[in-house]
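Below are two complexes that have subunit A in common, paired first with subunit B and then with subunit C.
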Partner chain A sequence: MTTAPHAADNAEVTEVDTSARCALLLLLAFAVLWLVVSGVLALVNLVQLHTPALLADCSLLTYGRTHALQETAFIYGWAANAGLAVALWILARLGGSPLRSLNWVMAGTVFWNLAIALGLVGIATGDGTSNAWLHLPRYVLPMMLVAYGTIAVPGVLAWSGRRHETAFAAQWYGVAALFLFPWIFSLAQVMLVFVPERGVLQALVAGWFVQGAWTLWLAPLALTAAYYLVPKLSGRTITSYEFAALSFWTLLFVGAWTGGRHLIGGPVPAWIPTIAVVSCALLLFHYIVVALNLRAAFSGGGSTVMKFMALGLGAYVLGGFIDAATALRSVAAFSQFTYFSTAQTQLALTGAFSMLLYGAIYFLAPRITGQPWPSVVLIRAHYAAALTGTVGLVIALAGAGWIQGHDLRDPLVSFAAIAAHVRPWLLIATAAQAILLFGNLLLAAHLVRLIAAKSAAPAAGLFRPAPAMEAPAS
Partner chain B sequence: MRNGFTFFVGLFLALGLAWAGIVLGSHLQLGHLAPYFDESEGKAFPERMPGIAARGQLVYQDLGCASCHTQQVRRPDFGSDKARGWGDRQSVARDYVSQVQVQLGESRIGPDLANFGARPQAVDADRLTQYLYDQHGGMPAYRFLFETRKVTGERSAKALRAAAPAGWEIVPTPRAEALVAYLQSLTNVYEYPEARPVVPAATKEGEHK
Partner chain C sequence: MSDQDPIDPRLEQAGASDESLLTAHEKLRGWKADDGANYRMLPLVLLFAFSGLIFYAGIYLNKYSVRYSPSAFDENAPANTGAGPAVKVDPLVLGKKNFESVCATCHQATGLGVPGIYPPLAGSEWVSGSNERLIRIVLYGLKGPVKVKGVEYGAAAMPVFGKVAGSGYNWSDEKIAATLTYVRASFGNTSPAITADQVTAIRTKEGDRKEWSQEELLKLP
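The block that comes next holds the complex of A and B.
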């Protein structure tokens, strides 16, 4: 880890890091807060699946609303705040100069999170829109768009005003994510909420939006962290880097076309699911290149940050292959509408996105505060909880989905019987979710301790210098 | 990727192509889809929802019913949708043209509801209201959609048969009534030209074999 004091110079931390301290810590604090909130809600939600009576009399937390609440808190609370913090920091570092207009970033952060809090209250009291990944009530959407702009603009400026002519893969992904999200978000708002499309076109816009938000926003944010940290920590250059650009453009151009895979067999023109199936297969190129580029992460050993990166990258690539497999019509007939899809979403969000971001936060936070993490044990404990929790959750949900898919095909099996069959798996998933929540509470407590310790000791010689980049011998 | 301008053009193209392809492409195909006027019946299908059902759809939306129920019947050879009695034909785009908020859903923790009002084993309003009050088949009870009030004068005709303390009655709120009306209004029975199964017709005429 970064805790070993080193006699070498302190060039690892520069003004780029220290100047952004307050703004980035604010983003991270909100991110971790929402992570815990969404973890609690996800736990309630999972318990409601096998014990439907829980909170059933409470209209604020009925199953449908808890589901919307936990999803919203995760995506717009945790993922957005954490992703923005990491992307801003990496873009500033690679750009070579401190971030500009940080006051705007802080103001934007406050308003973004106010909007989310307001939105969650709105969903709980019945103003939700029932669109996947866009449950937020209409009255907070414009405010979120403006707030996002004020946070993201300094990141794009850091890229366009960069000191080095060449741009690195981490920068492509970071700029793409920061720049594209407002467009996707505003198009989806208009076409789903303010001037809704007619009939099933709504479902098509929603499918495009969910997939776009993943492939053009969240996945690139996570890859920003991966492409920056893996070579930096391993001290090795990215292998097969010449394919990285093609892989990037494949994700961007092909990714959003896979949105129709959830509509296979649905009341939409048949060419939409067909294109989605083909696109899922094309996108495999991207996943293979990511695995090739960053294979240094899997070479074992290394710090806990590297272990988080390896876990996240493994989940990301595995998720891509599973998406392609379940997009095939014969598999979709079986896996569609089951917990198997939930398992895929969790593999992407909890497995890939969160792991890569945890790694980045553990690397970033000591550098902006100038303090080491108070406890290496807590980081290892979080890693252990995240690993067991994610693996348990994804496998349990996939197992439940397998049984549910099997039972749904047999018209004689009632829904009460299906619920009884999947119950043991859902209990395992609940336990796994509780472990995940425990791990996230550790992260929250640890971050509070780190911020509280800010004014204590000087930071000189805290970080060992980054290893020099070397091409692998082979 | 040295050239910032080209890079941003590329980003825009990536976003724009997928959006144009999926959203505008399907809009061109389906945007003008209108209800189908059947001259022999003298009315257009799908029929407009009654006002109370449209209000019920909002209840369905704000409670997030779509997180457990789909509203899309798949074709008979794709899954067991037909065998479960959810509908004889697959849902088509025209079924949804008059719905304000389409709730196709992505999860079948509970049964599909696209054709709920027209199922062979149709559920009458009283039973359905009772289902919402008691838990039924794994679905939790939604007691907050009901009101327990003192009987003044005669008992309400809407009162549930559920055990209420003497002198009290349990009645559905307007939201519960709207939700029930909405669920009962869900039918896609009408056979649009595009919804007729192609294969049986072709083999019957024997032209393509």
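The block that comes next holds the complex of A and C.
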């Protein structure tokens, strides 16, 4: 550990953090609020799967609507708010100057979340659409696009005005995510909601949008956090960093082409799923390099943030390999259109994305509020709940999906028999979802306590001056 | 990360400053000469892994894309190689095409010929008469005067069309049969079709020879 030459360079908390306090805390508060709302709805939704009578008479919360509601609250509520907060913060810190036009960020945040609240009410009352990941009613979509712009622009400005000309990997992923979402989102709005495409093309656009929103928006946002925090915490440079750029471009070029994997076995020309199968295989290169680059996360140590990183990265890479395996047509014959696909989505969203973002929030919040989290127990309990909940949910849904896939191929097994076969697995999934919800309630309560607490010590005194990063081994 | 004091999860300390993180990774970018020839295994392994994936992707794409056909919904459908059964050609269509590109130059598209120079085909006794004579005229050509519908023609010669010595056209027997069938069914003519076998039979019987004259032809049945 060497002593840094002068204080300005290695001060851990600077004006970059303090100036962004209000804007980022607003984003995070909304994020955690929607996370809890989505958790409650997801729990209701899972119970309805094995106990269909629950709320069956309440038109606002029938199975189809709770499904759309929990998905929307998770993606546009939790993932978007949290991902934007973390990406803005990391881009500002690596850019070296405080974020600009923060009032616009706060205004945009209010309008974005107003739109989501309005959208959720709209879905519950029957205005929603039938598009996966885009259930929001048409009247909130343009407002969301504008609000997103006002939130994201300061992040792009922080990147374009950066002090170091050579951008770091975390910056690539962050800026790519900020830039690509408006493109994907506006195209999907036009082609699926306002001027819907007809026939095969509609299914194609829907598949492309779901995959694009993951590989070109949510995954890069989560990787922004991972590529920043792993070297930042370990104090060591990224291993095999020279491949990071190739891995990044592989994701950008090949990622959206994997959209057709949602259509394997569906009524589309054969070459479209074939391209997706091939793209899933090529994307393995991206996952291999991410695992190599960030393998320091798996080397243990006492850091809780690093444990979240390890879980998230493990889920991310595993998810990539499972996507490639289930894209093979012989496997897809069993897994496609079953609970197994749901398990894959959960592995990506609650396994990879949420874990990486939890870690980032635990690292970020003390720096912008200028005080430590109030409780060690709450952090450890949240970690334990997130770990058991995610593992339980993904394994239970995968098990249910595999049984369902085998049963569906046997014409002698009735639908009622299939429902009975998967029921135990769905009960496990419900329990796991309850544990996840419990963990997220802990996070929410903890964040409220952190924001409410009065600052005891000046922020600068809390953080040790960060040491200089070890020179890369030649 | 310090080893001496335990990490407080409430306040995780950074292991490196942002500034040094950026500078350290800046140094890692770019090409470094491998002076000592210490080949590192990892880049080679990754290169092979990526090449392998691309190779697999190429094979899979070639095997299951069904030539990117918009109407092929089964990836195992055999690709159309063009090796299917030959399509039967309508002699009237082929004959019309041949007539219009070649014969019509002299005999005209109407089949009426040019008075005094090219004899007509419409209503000609040579066309609707004996197969033996008609096929021979087209296969080997006709030289000298010829009387058609009571009018004497002699200014021009009928060229050699068949696959025989001295032929300028080298038309196959099928082509000749189709053209004659067309001529015998057009311009008001209503004579039966001529088959390629009939043409082949005469060509094999006669072998190579010079153009026919009217006298020689009239001796034939």
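Basically, the second predicted complex is superposed on the first by the 450 of 474 C-alpha atoms of A that agree within 3 Å, B and C clash if a C-alpha of one lies under 4 Å from a C-alpha of the other, contacts with A are read in each partner's own complex, and residues count from 1 in each chain.
FYI, contacts are C-beta pairs under 8 Å (C-beta built on N, C-alpha and C of every residue); 3 or more make two chains touch, one makes a residue touch a chain.
Keep in mind the model is a prediction, meaning the values are calculated, not measured.
Superposition note: with subunit A as the common reference, subunit B and subunit C can be accommodated side by side. In the superposition on chain A, contact is made by A:G302 with subunit C only, not with subunit B.
In the overlay built on the shared chain, the residue A:I275 is in contact with subunit B and with subunit C.
Touch criterion met: A:L49 reaches subunit B, while subunit C stays clear of it.
In the superposed pair of complexes, A:K232 makes contact with subunit C only, with no contact to subunit B.
Using the contact criterion defined above for the overlaid structures, shared-chain residue A:T166 touches subunit B and also reaches subunit C. Once both structures are fitted onto chain A, a short way to say it is that subunit B and subunit C open up an angle of 50° at subunit A, using Cα centres and rounding to the nearest 10.
Contacts of A:M143 after superposition: neither subunit B nor subunit C is touched. Once the two complexes are laid over each other on the shared chain, residue contacts for A:A333 go to subunit B alone; subunit C is not touched. Applying the stated contact rule after C-alpha superposition, one finds that A:P267 touches each of subunit B and subunit C. Once the two complexes are laid over each other on the shared chain, residue contacts for A:V391 go to neither subunit B nor subunit C.
Subunit B and subunit C never share a C-alpha pair closer than 6 Å once the two structures are laid over each other.
Where the contact sets of subunit A with subunit B and with subunit C meet, they give residues 166, 245, 267-269, 275. Listed in rising order, the residues of subunit C touching subunit A in the complex are 1-2, 6-29, 32, 42-43, 46, 49-50, 53-54, 56-57, 60-61, 64-75, 77. Residues 1, 4, 9-10, 12, 93-94, 96, 164, 166, 168-169, 231-238, 240-243, 245, 267-271, 273-275, 277-279, 281-282, 284-285, 288-289, 292, 301-305, 329, 362-363, 366, 372-376, 379-380, 462-472, 474 of subunit A touch subunit C in their complex.
Those residues of subunit B that touch subunit A in the complex are listed here as 1-2, 4, 7-8, 10-11, 13-15, 17-19, 21-23, 26-27, 29-31, 33, 61-68, 70, 72, 74-75, 78-80, 83-85, 90-111, 135, 137-144.
Interface residues of subunit A, counted against subunit B in their complex, comprise 48-49, 52-53, 56-59, 62-65, 67-68, 126-130, 132, 135, 159-160, 165-167, 172, 175-176, 179-180, 183-184, 187, 191, 196-205, 207-208, 212, 216, 245, 249, 252-253, 255-257, 259-260, 262-263, 265-269, 272, 275, 333, 336-338, 341-342, 404, 408-411, 414-416, 418-419.
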